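One chain, chain A, appears in both complexes that follow, with chain B as partner in the first and chain C in the second.
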Partner chain A sequence: MINPMDFLAWVRGPAFDIALAVFVVGMLVRLLEIFLLGRRPNYAQARGGEWGPGLRTMVSRSLADPGTFKRAPFNVIVGWIWHVGFLIALLLFVPHIELVKKTLGIGWPGLPNPVVDAASAIAIVALVAMLIHRVQHPVMRFLSTFEDYLTWTLTLLPLLTGYLAYHRLINPYPLALGLHILSIELLLIAFPFTKLTHAVTAFIARWYNGAIFGRKGVRA
Partner chain B sequence: MATTKTLGEVLRENGVTRRGFLKFCAATASLMALPPSLVPALAAALEKARRPSVIWLSFQECTGCTESLTRSHTPTVEGLILEHISLDYHHTLQAASGDAAEHAREDAMKENFGHYILVVDGSVPLANPGYSTIAGITNRVMLEEAVKGAAAVIAMGTCAAFGGLPGAAPNPTGAVSVGELVKGKPVINVSGCPPVPLVITGVLAQLLTFGTLPALDGYGRPLAFFGQSIHDRCYRRPFYDKGLFAESFDDEGARKGWCLYRLGCKGPMTYNACATMKWNQGTSWPVESGHPCLGCAEPHFWDAGGFYEALSVPTAAIARTATYAAVGGVALGAAMGILGRTTRQKATAQRQPVSVDELEQTP
Partner chain C sequence: MSELSLERGLQAFRQEMDAAVAAFFSSCVHCGLCAEACPFFVETQDPKYTPIHKLEPLRLVWEQEFTLWGRIKRTLGLSRPVTDAMLAEWEELLYDSCSMCGRCSLVCPVGNDIQYMVRKAREGMVAAGHAPEGLIGAAARAIRIGSPMGLKFKTLQVQIEHVQADTGLEIPVDRQGADFLVLLSSMEIINFPEYLEAIARIFEQVGITWTLSSEAFEATNAGIQIGSKDIARELVERVVRAAEKLGVNNVISPECGHAYTAIRWEGPNLIERPYPFRVFHIIELLDEWRASGKLKTEGKESDRLTMHDPCNLARKSGVIEQQRNLMNLVAENFVDLKEHGRWQWCCGAGGGVSSNERATELRMRAFKRKKAQIEEVAPERIVTMCATCRTQLEEGLEENNMSIPVVGLTEMIAEHLVDAKSD
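Coming up: the complex of A and B.
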């Protein structure tokens, strides 16, 4: 018979080991594949450095260019809102920081709980709005695959279960906490093999972009 | 029933003033979330209440629940109520022993059939009935016999309510809670290791006053006492919200009374009345004395991964897993990378350029 405490123990123990192993192996394979493939050698004389423009582009591409914003303002604005909300909930919630401190030994200051609470509520609403937009927009619906809906679900679940656990809307608490941790483990497992990898690879791609243009002496 | 005295008479005889009694009634009423207008009704009903027959069975337990009720240095109203409802049968408190004790139980069951309150502390072993017997009778048989004539069953303490320590992994005696064995009779779980004394008397007071059972939560516990978590009622909560934690039992944070979450406090998962009612007649309670909550009122709290480990921290061997996975990942990634390079080299070698003219010739 499985009780909520056994479930939580399993989620904190063996399941976490599995999820972590899959995540680490998967990410290393994906990244090594990208890096080892390398790029075509460029024999032209360099007109500028690669590192500066590369690093700058990693940050500057976070802001959509005017053309993109004009074409899809909803995606840009709501996309920003939910990404920021998600990152606030993930990185600035005090118990999350405590968890990192306990496991990795590094910590940073967090935000007051009501602020994080509001941020996660906004992120959940924004994610739902994104899904409605995706389904209603004929082109986006046409382009959407199973993976898009899977990653949407896997991203929503940690926010949702965290919100429900914080507000004690699932009982008993070990079950609520167990579901929250399990949802993160599912996210970790899917992370290297879906478009969720963009959280890492987007910055690599941006660096390549910036570096290529920088070498040509062009501003990316 | 040995005495016909009312509770009011017993309390007066023991020097409890009217004022003290009403204070108790008001406190009990507010704890049970009753409107103030019901305090006189509670007082009147309790004062006139005649001793109900209570049979207290002790199975796989440590007697801590009884100690919790009786070990006050001054006679409290709670203690006196317990004395008054008194017990036709209770191992620790009764004077009789041997056959006489068992006869007292049988007589009380016969005389008050259908009306007595059955209190059980301790869990029941099912793996081998011989693990716990009283007068040669197994716990299970005694419970089943006693339940037949009971008006209600109160599972006193976490062992009776949820299996408790005997039921902790690997549960060698096959211990189960009272609720798992009692069918067809109301079971009230008063969990805690031990339960707060006022919770015990509060439940009994409600039974005596209204003759009704209290509203229960999902675990069969009275909502009035188990409705809110320790965490939500903790006076150290502001420190949690601010991210101020004691890192050890003797650091600056501990001396300043900061949150004990990092020292393994189970307040977030625990529903009990400690934070509001405190212990030892309102003197203090575990968190106030500087120790994290162990979560003793919750099912399976023994198996929650260590008293001094925060509930949300993974118990997995993170460093070991990550190291093995990293080694495996690098090896596999290198292999995949080499495979990718080979594929590219092969594609470059086998590339067959096609001119525009050739393309236009194809039909």
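Coming up: the complex of A and C.
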């Protein structure tokens, strides 16, 4: 058996450095792979701009159009719930903010612990619901590959271990915290090599989408 | 002709990769929402018609050759190679079950422009020899004869004589220095001759100088539909050459959807230079003339009318308000379909689907979405501004025993011209 304190020290130290390096270098490579391809010049007379519509779509595509919402309400609502729950747990939990403050020197106000606790619990339930939906919905099941289930697991683990650590359901605490940090490291390592990249690239994709349509005078 | 092969197809895929495609493929989370945007999926409920799935061959080439991780995976034998058999299987998905309507591109939550990629994927399919027979035939006739339906200028000439006799107006051909060069679609020449008469009368009232070209009267572009830049370029060049020779300032694309996409948006990029003239869809000009008061109409249609927006014109080109302004000019009982404009549903025939006989059954299935939309509004007539949409609507309505006439907007406007000689 490894000592929980040694385990915690390892995940906080060398393991974290490795995970962060893989994440940063991996994502840099991914972004270079995208942008270095460039785009061909467009000689057609534009009906509208590219930058404005592109930036607009980066934000506006977060909301589903009414027709799609009506046809796939579960996807839209549960998808939103788990993303928001995850972001609340990640960005608005006071200990997380303090960690950022300690490392980067910047901080922001958090939410009371019970609120974050509830958000995490909801996010976990929503993620489980998404998994059930994925295996039941004919289209989602058809599209799904091993990667979809892997990334689902890697996304669930930080929420789950965080929740268990917060409620002292894993003992001793250093082990709980160590497992939580390790789960995040696994997520970081997988990030550049899986669809998890969408957390960054979706905004690039949305920009291109908005720009391509915007140039033709269509709000995308 | 050089030999078509898998390698040429893969090479075409490679040439089509750009930053946008890479960003799109990097972002798909397999949420399946694009399926809900696709009339071919919605009406069949077959998961293989999920739009993003139609791009799997292109995605594999991107992953295996344009990403470091994908190269490693391929070296380790962890990813599926793109084979000739795979492309053969995908032919139905990329052609028969996709009208490139672009609705999925507006719905995708991560912002993937799926239609943009289908257009690119077809380049590879053509090069690999996996394009549908019907489209190959249409493209060959367009190149050889000058029209995808195989008609020649002398057929148009007969029609010109008819219209001249009926209206007493001159239909100018090859008139040097005219302001506008007018293009037609074969479908209009054969099935909807009303169009030529309508524009002749409208132009007479508005007072523009215009001409047809005996060398380039065909607006449609089978190269765009099949997905071959080489064919598309040659067809666009014919129009550009004619326009430059005649010295026109403007080119008018007719009531046809993909012709507008071809000449307005893809054309300059195919010939790799901007045009020395401007390109308009007839509907854009009619609305400009309405706004400036040059187009004078009288009377209004009193029956319940609805409108079908051609994908290429509305969602893919931003011509959305213009046709509504024109409808309100001549109709007092115009009701839009619930999802219209950029959110309209495709009729099911665009993107070459209508030239692909093999896809007839699927095309009629996809039409069911339009049918459902029409039933919600229960119109007495439907107005549209694309000959392919119009033919599909007529055929689909007939097959479903719905007797709702379909009319072209330009003709309807012409019927209300102040100086209209006949009804």
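To be clear about the criterion, the second predicted complex is superposed on the first by the 219 of 220 C-alpha atoms of A that agree within 3 Å, B and C clash if a C-alpha of one lies under 4 Å from a C-alpha of the other, contacts with A are read in each partner's own complex, and residues count from 1 in each chain.
We adopt the following convention: contacts are C-beta pairs under 8 Å (C-beta built on N, C-alpha and C of every residue); 3 or more make two chains touch, one makes a residue touch a chain.
What you see is a predicted model, and the numbers here were worked out from it, not measured in a lab.
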Chain B versus chain C as contact partner of A:Pro14, first or second or both or neither: first
Identify the partner contact of A:Glu33: answer first if only chain B is touched, second if only chain C is, both if each is, neither if none is. both
Larger contact residue set on chain A - chain B or chain C: C
Of the partners chain B and chain C, which touch A:His83 in the superposed model: first, second, both, neither? neither
Counting only touches as set out at the top, which of chain B and chain C does A:Arg56 meet: first, second, both, neither? neither
Which partner does A:Leu99 contact after superposing on A: first (chain B), second (chain C), both, neither? first
Can you list the residues of chain A that meet both chain B and chain C? 29-30, 33, 35-38
Taking the touch rule as given, give the residues of chain A at its contact with chain C in the complex, in rising order. 29-30, 33-45, 47-48, 57-58, 61-62, 64-65, 67-68, 71-72, 75-76, 79, 137-145, 148, 192-193, 195, 197-198, 201-210, 212-213, 216-220
How about chain A: which of its residues touch chain B in the complex? 3-6, 8-9, 12-14, 16-17, 20-33, 35-38, 94-95, 97-99, 102-103, 109-110, 112-114, 168, 171-174, 177, 181
Listed in rising order, the residues of chain B that touch chain A in the complex are 218-219, 229, 232, 240-243, 245, 261-262, 268-269, 298-301, 303-305, 310-318, 321-322, 324-326, 328-330, 332-334, 336-338, 340-341, 344
Complex interface listing, chain C residues touching chain A: 17-24, 26-33, 35-37, 41-42, 45, 47-48, 50, 52-53, 66-69, 105-113, 116, 264-269, 271-275, 278-279, 315-318, 320, 339, 342-343
